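Below, each structure is written out as structure tokens.
Common to both upcoming complexes is subunit A, partnered first by subunit B, then by subunit C.
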Partner chain A sequence: MNKTRIVLLTTIMTLVIFWSACNKQEKAVAPPVPGNEFITTLKLVATNVADSTDMVSCAWTKLNPNDTSAPDTSLAHMKLRANAVYNVKVMVLDETKTPPLDITPEIQDRENYHLVCFTIAPGLNLSVQRTDHDTNTPQHEVGLADKFAAGSPSSGNLEVVLHHQPNVKNGDCNRGSIDIDVNFTIYIK
Partner chain B sequence: MRKIIAALFVMIATSGSLLPYNSIAQETEQAKSTNVKWIFGITGGLSVPFGNYVKADYDNSKSGFAKAGSDFGVTATYFLNKNFGISALISYHKYAFNGVQNMANGLKESFDVDSVYLETNGDNHVLNILVGPYYSIPAGKRLSVDFRVLIGLANASLAGNNVILTDGGVTDPEFYQKPATATTFALQAGAGLRYNISNSFGIMLNADYFYSKPNFKIDNVDRLNNAGRKIDNYNEPIACINTNITLVYLLRHK
Partner chain C sequence: MARFINAMVLLAVLITSPMCNAQVCIYELQGKVTDKHQRPVVGAIVRLLSTSLGAATDTNGNFTITNICRGKDTLVCEAIEYKKTRVVINIADTESIQIVLASGENELGEVVVKGERLQDLHTATQTELSGKALEQTRGATLGQALKELPGLNSVQTGPTLSKPVIHGLYSNRVLIINDGVRQEGQQWGSEHAPEIDPFIANKITVVKGAESVRYGSDAIGGVVLLSPDDLPTQKGITGDVYLIGASNGRMGALSTSLQGAFDKALEGLSWRIQGTLKDAGNFSTPHYYLNNTGLREGDFSANVGYKWKGFDFNVYYSQYNTEVGIFEGAESGSLKDLLIKFESPRPLTRSFFSYDIQRSYQTVYHDLFKASSNYKFHNGGKLDITFGRQKDLRKEYDSDLPLTTDPNILKEPQLSFQLITQTLDLIYTQPNKNGFTGSFGFTGTTSGNVFKGIRYLIPNFRDYNGGIFAIERYSVNKLTFEAGIRYDYRWLQVYQRNPVNLVLYNTTYEYSNITGTAGALYHFNDHLTMNLNTGTAWRAPSINELYINGVHFSDASYEIGDSALKSERSINTSFSVNYTSDKLRSSIDLYYNNIWNYIYEMPLAQPVTTISGVFPAFAFTQDNVNIKGVDVSAQYAFLPNFTYQLKATVVRGYNETIHNHLIYMPADRLDNGIEYHLPNIGKVSEPYVSIDNISVARQTRVPPHTDYVPPPAGYSLWNANVGCLLHIKHNSLNIQFAVDNITNVAYRDYLNHFRYYADELGINYILRLKYSF
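So, the complex of A and B:
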């Protein structure tokens, strides 16, 4: 084999090696990261629209969401005046931290894939309207700010669920996963 | 870039004016290397991009998530006289992916989910058709230093990706950033050292600077919510240094 042929073959082989080195797709998986903050507490703070001194709240707490113990429901009840309208703020806390960490701003930052849903038990004369909206196109309600309209005296259960709907939020409560699901007893007097 | 082009023109002009002083004694020996009429070449090597195109910063919408790749092409040069010619190049640059894990981690944080599966879709490449002046300076019996400045069109492709989010045991439907293509002007300038192995064949080592700035319009599919990294267009320079080996075939004047 003469010198010219050797050089030609070497060059062609080099070109082929360069070409084959760059032909591949890539995949990546971002796995769970330990140490995410817990959501231990969901709190409702209600202010009477007609009387700002009428401010009431309720809270549901479970300090370790992973164990099987019962949640602390000692504060999970709220009294509303009959035929009154309340502005309600939903607060999400991590009370494993000292002082307790308010996660609500983080949820607000991520409002485009979070939705608070309310289920009112039959017999409880209450209507709930979400008043805040995200920045999706089209916009959807969020539910961290709400208007509660209390009717005639009654009592019953109000279920509040914070849904996490990454890239599936469309206003429907039956999508995504659940960050926290709690029950309050509401008394209208 | 302007400085590089200016420098190349100065080098060509200067070398041309100095040539009579250098070349008289070697004229006979060099006669063989300067009677070339056509050069045809197959070229390939390493293409190293730089700038925003190679950044892998999730929060920077200018990040191109590309890295060094390969460069292949065919070239033909016609000599108008013993030094000056017109050259054409059809080349294809293909770039590997940079920071795909960064992108997956960023999406995981942005959507606040348990895990993200991300797969690239398509590839980053540029197909060029370029023409321009070529200048060859003999540097020995078999050796010459060649310069070229080429302009033309580049058809570029930007890779897309497919993403699946999983949170709380719920896996959401996949969403996509489709691969995008764009055509724009391109420029390449560089120099090469050519060694003629025989009367008909030679080997050339090239180093070239390449620049183009395609404006990609990007389609995002099944992207329901405004969250996470989402780009609708990408208009950053694709600039790179190509270092190639070129196998050349020489056609000489009879």
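So, the complex of A and C:
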């Protein structure tokens, strides 16, 4: 019987030790990872080829990716001169950081599986031509640098989509998945 | 000729009814038949003389006879080349007996009965996957394997991730119990499949219905119990090797188990080690491959048992490791993305075969340490104590690398969850006295979740759960009554950090519930039994339902938790009729499950706009719902050597609050098959050929405006199987060849979350070999 007691006691002791051994890691909630970056903003910066003082931009922003609030579209519009050609840079920013962090170089580093596509609403007299290329064989366009040719005065929506196309990029927009999909209003005057 | 007769006897025994003339017919007898070298005797027929209840031994020599009545009986064992042996046993008292087979032509052997046990909650509706039916699912996931049972379906995320569905309910409404320990993993989404190697089980029992009383919270839909084979008691080493190859996904699996026991000074000591390796590449639909659907899995377990006087000690450790690719075509950046993919007849990217797993993928690690002990008192009572500690670590890698310039962060998964759970169960089973039996006990659980990730999904938490229960059973003549009651308490503390000033804060929740069960079982005669059971269950809202906030990429939805959700409660009433005769075995289960505060995702009118596009928003909410249905199964020996088999599952879900259908209910399913048993030829025994048709209707009962696309059309699949058992000296080789989806039908299933993106699997040739020694 003595033996039985010893066995029982040892069992219970072991269990108690196991039970209390949990070190409550869950109470130390991990703080945000400082090096981690969020896409908060897509910005277009357009420079008139004929007149470098004519530089306009527009931006679409949502600061907190985990929230159901409406995005900030107060700057999501841009005025272009009629019958002018612009060099356009597409910029991706993390505005949760101060100063805002430019993530575009990281997208550029992964250009072989990214593609920017533009959808121009009917009625908007604009044509868009991508001017940069990746290092795939054969090469494909990327779209972080573009040429916008504005036609006669008009206005309308321009949708800018950044596609993520790992190993499947072939120049076609419908592949892969969508990383960024935002809308701007373009006025041509 | 003698062998042929033997095979016929076996068939006759298999289809013979459970006849119960005595009073308490709730015992289960398990045993093993071996030869004098302790090697298993396969295909021996063991039956009880008074009732004709019987079973044939499997490839390990094991047999199980259920629904046995209390009292004295004679056990008869027959096998080719051995003399028929009889022994008198006393059910309810017998712990373990050995029957030495009397001298046959040239050998001696023996039957070991390991002891019988009461079936838990036998007035509840139960169904079981074991023996040949289980062997035919080897290599499949737990969710896919259980689809074989009437009343069960599986909810899937692509070909490799599946979860069992019982009567329309799944995830955290189905409890999985692995060898007596509640499986605690992340049950926070359809892509979080149970972290279990199905090869560890040699029997899977499913309790259909709300049974929290015996099994604790979360058993709203039912309970899946996985039971490994008992450890051996006879000296010597035995084992099994499974080798499985499937053409689809070019899948290979190897699973081995070795077991043994000692004698003399180490008598009472026994052990088992087991391991599984599995590898698959891209699976294929009839017209294209599903890119990045490969998986790797490596699991092992070790078990040591020691019997000493009235004690029985058992220590078990298992580890499960897997890496699963997520189908490349199922990544949706937005609703627009999803609709483009849905409208395309096939995935837009080039399809090819590869074993490589690319982003996105998930890795899962699960381990379980279990120490259990039981003590049998002199009065026949039994005390069981079980301690379990499990760790579940899940890492999810999105299709793109994290956006960072820090090389250390680049290696990190986007989501990581670590859940560590300790469980302690203490159960006393009282001895049978004047028809009364019963059990009562305490169960305690605590778990801590640590979330790490670079995009938010759920917070950290700690919970403590305690429950006490008592179940009492009374049997008189042909009637058995059963009733039980339980009290549960749950304490949950959630830890978060204010996103602005990073200050830590916590929120505490408490839940308590009383649940009950009551039922009756009536044996009308030798052929007909009926049981009626009403059980209740409860479930506290899970952490994702309370706190999730973010985009679910494969569903292109934005999910919003509600931290004010209350517990779900359900009352399930089930009624079963079982009829068994020489030629017919059939059962009909009817059920009605009423669930109060059923938690589900309701679509919101306003979509959520993120930088990657517009997502329909779904908020967790609760309503009162009911789920009712019928499961039918029948086996009919309509001609000698031919068996017709039918399984039908019909489920109806209705939301009583909004007066509409309940989303994600399984469509009507009918499974028909014919099996032809050939006579034994030489060393080949039990050869068979079977063909099955599985027909699934279109789900038409869906609430409006809750899904992006209508449910897919119904489908009809044909599967075929051939198999036999080869005796090689004292070992055996079980050979089975199956063809799934013979006609290579392209179809989609309503319960597969990837039905927006791709078809289900095309034709699949599967060869399963099992060598037992």
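General observations
Keep in mind that, in the parts below, the second predicted complex is superposed on the first by the 153 of 189 C-alpha atoms of A that agree within 3 Å, B and C clash if a C-alpha of one lies under 4 Å from a C-alpha of the other, contacts with A are read in each partner's own complex, and residues count from 1 in each chain.
Please note the rule applied: a residue touches a chain if its C-beta (ideal position, glycine included) is under 8 Å from a C-beta of that chain, and two chains touch if they have at least 3 such contacts.
Since the model is a prediction, treat every value here as computed from it, not as a measurement.
Once chain A of one complex is fitted onto chain A of the other, the partner contacts of A:Thr137 are limited to subunit B, with no touch recorded for subunit C. By the touch criterion stated above, A:Val182 is placed in contact with subunit C alone, subunit B being left untouched.
Once the two complexes are overlaid on the shared chain, A:Gln129 sits clear of subunit B and of subunit C alike.
Of the two partner chains placed around the shared chain by superposition, subunit B and subunit C are both touched by A:His164.
Of the two partner chains placed by the overlay, only subunit C lies in contact with A:Thr40; subunit B stays clear of it. Of the two partner chains placed by the overlay, neither subunit B nor subunit C lies in contact with A:Thr119. Touch counts on subunit A: comparing subunit C and subunit B, the chain ahead is C. In the superposition on chain A, contact of A:Ala30 is made with both subunit B and subunit C. When the shared chain is aligned, subunit C comes close enough to touch A:Ala70, but subunit B does not. Residues 4, 7, 11, 14-15, 18-19, 22, 24-27, 29-33, 110, 164, 166-168, 176-179 of subunit A are contacted both by subunit B in one complex and by subunit C in the other. Those residues of subunit A whose C-beta lies close enough to touch subunit B in the complex are 3-4, 7-8, 11-12, 14-15, 18-19, 21-33, 110, 112-113, 134-137, 164-170, 176-179. Looking at the complex, you find that subunit C touches subunit A at residues 311, 328, 331-334, 336-337, 340, 344, 348-350, 358-359, 371, 373, 385, 387, 389, 399-406, 408-409, 412, 418, 420, 422, 424, 446, 448-452, 454-456, 459-462, 495-497, 499, 502, 504, 506, 549-550, 553, 558, 560, 608-614, 617.
If you check the complex, the residues on subunit A that touch subunit C are 4, 7, 11, 14-15, 18-19, 22, 24-27, 29-33, 35-42, 60, 62, 64-68, 70-71, 94, 103, 106, 110, 164, 166-168, 172, 174-182.
Contact residues of subunit B toward subunit A in the complex are 42, 44-46, 69-72, 94-97, 100-101, 103-105, 107-108, 111-121, 123, 165, 167-170, 172-173, 175, 197-198, 201, 203, 222-228, 245, 247.
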